[in-house]
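Encoded as structure tokens, here's the structure I'll be asking about.
By letter and in written order, the chains are A, B, C and D; residue numbering begins at 1 in each of them.
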């Protein structure tokens, strides 16, 4: 789950990072009131779950109340990469003497939380990683001991020779690690971590992705979810505990297993078609789950055919077939449905399907070809 | 620093332990209002920093508002082992089906946090430790991994064979460990951890001692300090960063180093006298510190002689002598002062003291004997 | 001889009385797997399927039965704790099937396992099956495998079955079919699995089922090129996956232009490893480069 | 040969430019201690007393000078971090003088030190001094010690000096005078120090300065009775301390009737170790039982 800058800042602040004050406004007048409260100059920053907000004109410096009105007015309602801006963060503008990047993510190779640090802060870190990878220092953190004082300090001293700044930066890294682990994050970034003209270190931007698998132990995080940002069908899939991604084609795919689902999409493309979605229906033969999955796929008006690709494995194919039949009986589906069921009790399943309008297929390839044939490919 | 039951309960609650609601009242009418809020029956529990509160009549079950008035009235102002009751905790009375003891402390032998657990809850654990030590299970916790699920569960299953209760108890232990480490406690106890008739586990009593050395990183804990509970001279000593314990004798002792301070007290007793205090003045020769120390000792009207026992070591004796002389000049001290200074620049120090009314001594034994002689021993 | 486990390895199941644990334990037993104990707190003293003794904790199970390996079917909140418990009790092999384990829990486990020399497979994986040893640790369907000389490593589940099924039908039996799981932090990774197969004398050819995300396949390609000389073929899922979208597996995401199927295909082919366009092409591709195929 | 440290052991000081660190480092140098490096972040490249090079961190200091042991004079909030740093950089001996280190910090350090085989002395201790080796790691006054055959272990500071001074004045020089500190959790404890002296061929007699709290003296008594045959005498501070009151040292507290001076005296005497009534009695007591005293 991705969260907004202002939400990440709340978490960082609670973990002891020095984050300037700031609150969100949904209207121009709310933004004005906040600017009054903090005093000018302020920054008005769009809160949308995508990068490149500055380039898109969603982050503005405001020197006057006129600026606040103009910029908040422009930014609220703005579309940034398909995301509509519903909220802006208003926060005092800081003088920036130096900028650093501090980030953490779970690194699959070291199997640890990886600290990333760069003196090239304030710019897109992906760009730095591409152009000048040596400018990003990477350090895996031992979970048994956390980020130790000397580790943080040694890294900070590589970023700046000013020992007072290094101490603040080191402390910032340690607090970020605490925030990261306590929140069960998968990514946390401060970009930039700045020093003001007076040498005070502050986190003036914040990004955080939370581990979906760990949300069960953070009941308070559900409130952070921005339903405005979520596609209606993706939300329905999440609520139905289905893994779903909408795509642009016309072949609706229901597959058990993420790898097989991807391979099915690839096979649709291989035969010249276009998948309408990624959907992993899991191991269940529960008709409710099949109904939910079909419902989500059929919200998409582009879908012209449904393709089930199920490798029974441990699950019995006749059970799955019954689930599919029950689901299709409960719904009024106007598009053809191709079903490929293989594995345990495959024969029984085919018998069941024979009495229906569902189009049976023996292999993945056959199923994809039949689905594409039905839409004239 | 010791804190009250209601304060420990706040910390436990924040760490995720199931603690029944409860707040403190300083007057009978406040106690009545809380009882109204929670509903009868309630417990009214004196909040003083000493054990044996129940035996002393400081903990009462209240079935009616009359009970609340009577018991709160009796308990508020009550003296328990020299502690005056200023506050009572009002909390819903629970049905108790089973009682357990769960405690943690820093164990000097294993150098770890030691979990202690017993099915003999609700009674004085010191008594259990004496009468039936095997009834207390002790388990050192690896700080790298914390109290792991299976460790807590295995211990809990030794306390109860009811797996639902064991799960709650195990979780309680894990949350207590989190509370312990986050608060930098030196001791944390739940006695008893109960199960209600419905099988719900709750911490209905709480005790916590905090590590004085770690208070610097818990600025919020200063508010927990109950100044009513602290002896005025002990508070002054704490504020002056002196280690001080008041005793019953008439020989005021100022010594550098805790071990030497104890040995000095012992030597006073050896020669038939009685020390008025333990006081470790530390390594400093700062006159302010000496003034503070003398001021604290002279608050005690029993003190008839002051005994300085300083082993200069690294600190230069002449520096210390100057500190003592400066301090005595700034104060009007009516009792004799015996000064034993030994170590680096001892001779110079003795020269300085020769010009004063201070009584010099060359050895600990001589100093103690001279001090006792001055009070007629 | 296959990897990780022999026919006589003594296996216990954590969560044996759960819905999934019970179902799959029965299936493992039916396959012939040497399950000597089950663990469910509070059920100690009972038996599973009238023959496997159940214990309250792993330590007791190990002490009583000498179990050496554990298969975990414990819900996500307790899965990491179950791995700790198995390792603490002395199991040297732990297979964690559970899906949805918080990633930080896995990060915290790793040094504990390293300190004790414990091999973990998973979490969120189908486990593995050694047909020649009649040993199945996990949920792979026993009816699609057959003993033989092909090793198979995969990051996914059902896609693996698809390929295994094709291999078996083509007469290409397997030493071990291993699904390492699709989570960001897993125990045995692609490279370590590869090295285990490399050390196994009976594995004469290798099939690798990769997917988008990370660089495990690229690293594997390097290793194979420098170290191995048995035939290897591959399939990579996710050619059509759009960047930045997570495809079910937490690890299956293309970020910043890295981890694409095209990258992986290029790296594998540069190492001399053919990459199949369709799952069904794996078998002919393997037969093409493997002259001594049975 | 004394314990823990030889004349040629290369020593570094963490916090060498601090008020206390600077003062005591100079005192150590004056005594003849082989200080090869100092560490203060931000002061790398400077020198201490125009001769000892200063580094920004311990790793650099160890790499440049080959330092093997560290003495720490860092304020309480950073002291535990300094111990971690010294151990991480490869120092096998760390002496932490700092008073007021949070106890949980010490608990967290211990497994890190055990994993690396690092000996810690302290915190909140005077350190030790080996007169025959001209090595002083800590704050013990060098002018009251002398080379000789007596080993001394103590839980306190100035009380130790009192006894050492008396020994020296009586012509009884020392192999090592060691103050282990009075905190609840310390590195080298009474027993470990005892074992080190036991292993030292040059230590011919031992003085133990104990105090109330804990059961270190009782355990030491057991060990000595079963294992050692050199003369040992003792002094225990705190006979007059009331129960439940902490006497300065966090560890010096009589709880639940255990850890009293009387308990300790009884245990020691039962092990054949005379306990002096006054500090000044230690010397005659030792001479009484030590026929070969110099």
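Definition applied: a residue touches a chain if its C-beta (ideal position, glycine included) is under 8 Å from a C-beta of that chain, and two chains touch if they have at least 3 such contacts.
Nothing here was measured: the structure is a model prediction, and the numbers come from that model.
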{"item": "Touching both chain A and chain B (chains)", "value": "C, D"}
{"item": "B-C compared against B-D, more contacting pairs", "value": "B-D"}
{"item": "Chain at maximum distance from chain B, centres defined as averaged CA atoms", "value": "C"}
{"item": "Centroid distance [mean C-alpha coordinates] between chain D and chain A, Å", "value": "55"}
{"item": "Whole-Å gap separating chain A and chain C, where each centre is the average of the chain's CA atoms", "value": "27"}
{"item": "Residues of chain A whose C-beta touches two or more other chains", "value": "144-145"}
{"item": "Shared-contact residues (touching 2 or more other chains) in chain D", "value": "108, 111"}
{"item": "Chain contact topology (line, ring, star, complete or other)", "value": "other"}
{"item": "Those chain pairs that satisfy the touch definition", "value": "A-B, A-C, A-D, B-C, B-D"}
{"item": "Complex interface listing, chain A residues touching chain B", "value": "144-145"}
{"item": "Chain D residues touching chain A - in the complex, by the definition given at the top", "value": "41-42, 56-59, 78, 80-82, 84-85, 88, 108, 111-112"}
{"item": "Residue numbers on chain D that touch chain B, as the complex places them", "value": "23-24, 27, 76-77, 100-108, 110-111, 139-141, 143-144, 154-162, 165, 182, 184-186, 189, 209, 211-212, 214-216, 235, 237-242, 245-252, 256, 261, 277-280"}
{"item": "Partner chain D, residues of chain B touching it in the complex", "value": "106, 108-109, 111-113, 126, 129-130, 142-144, 181, 184, 186, 211-214, 216-217, 243, 245, 247, 255-263, 265-270, 275, 278, 280, 311-314, 342-344, 363-365"}
{"item": "Complex contact set, residues of chain A against chain D", "value": "144-145, 148-151, 153-154, 157, 161, 163, 166-167"}
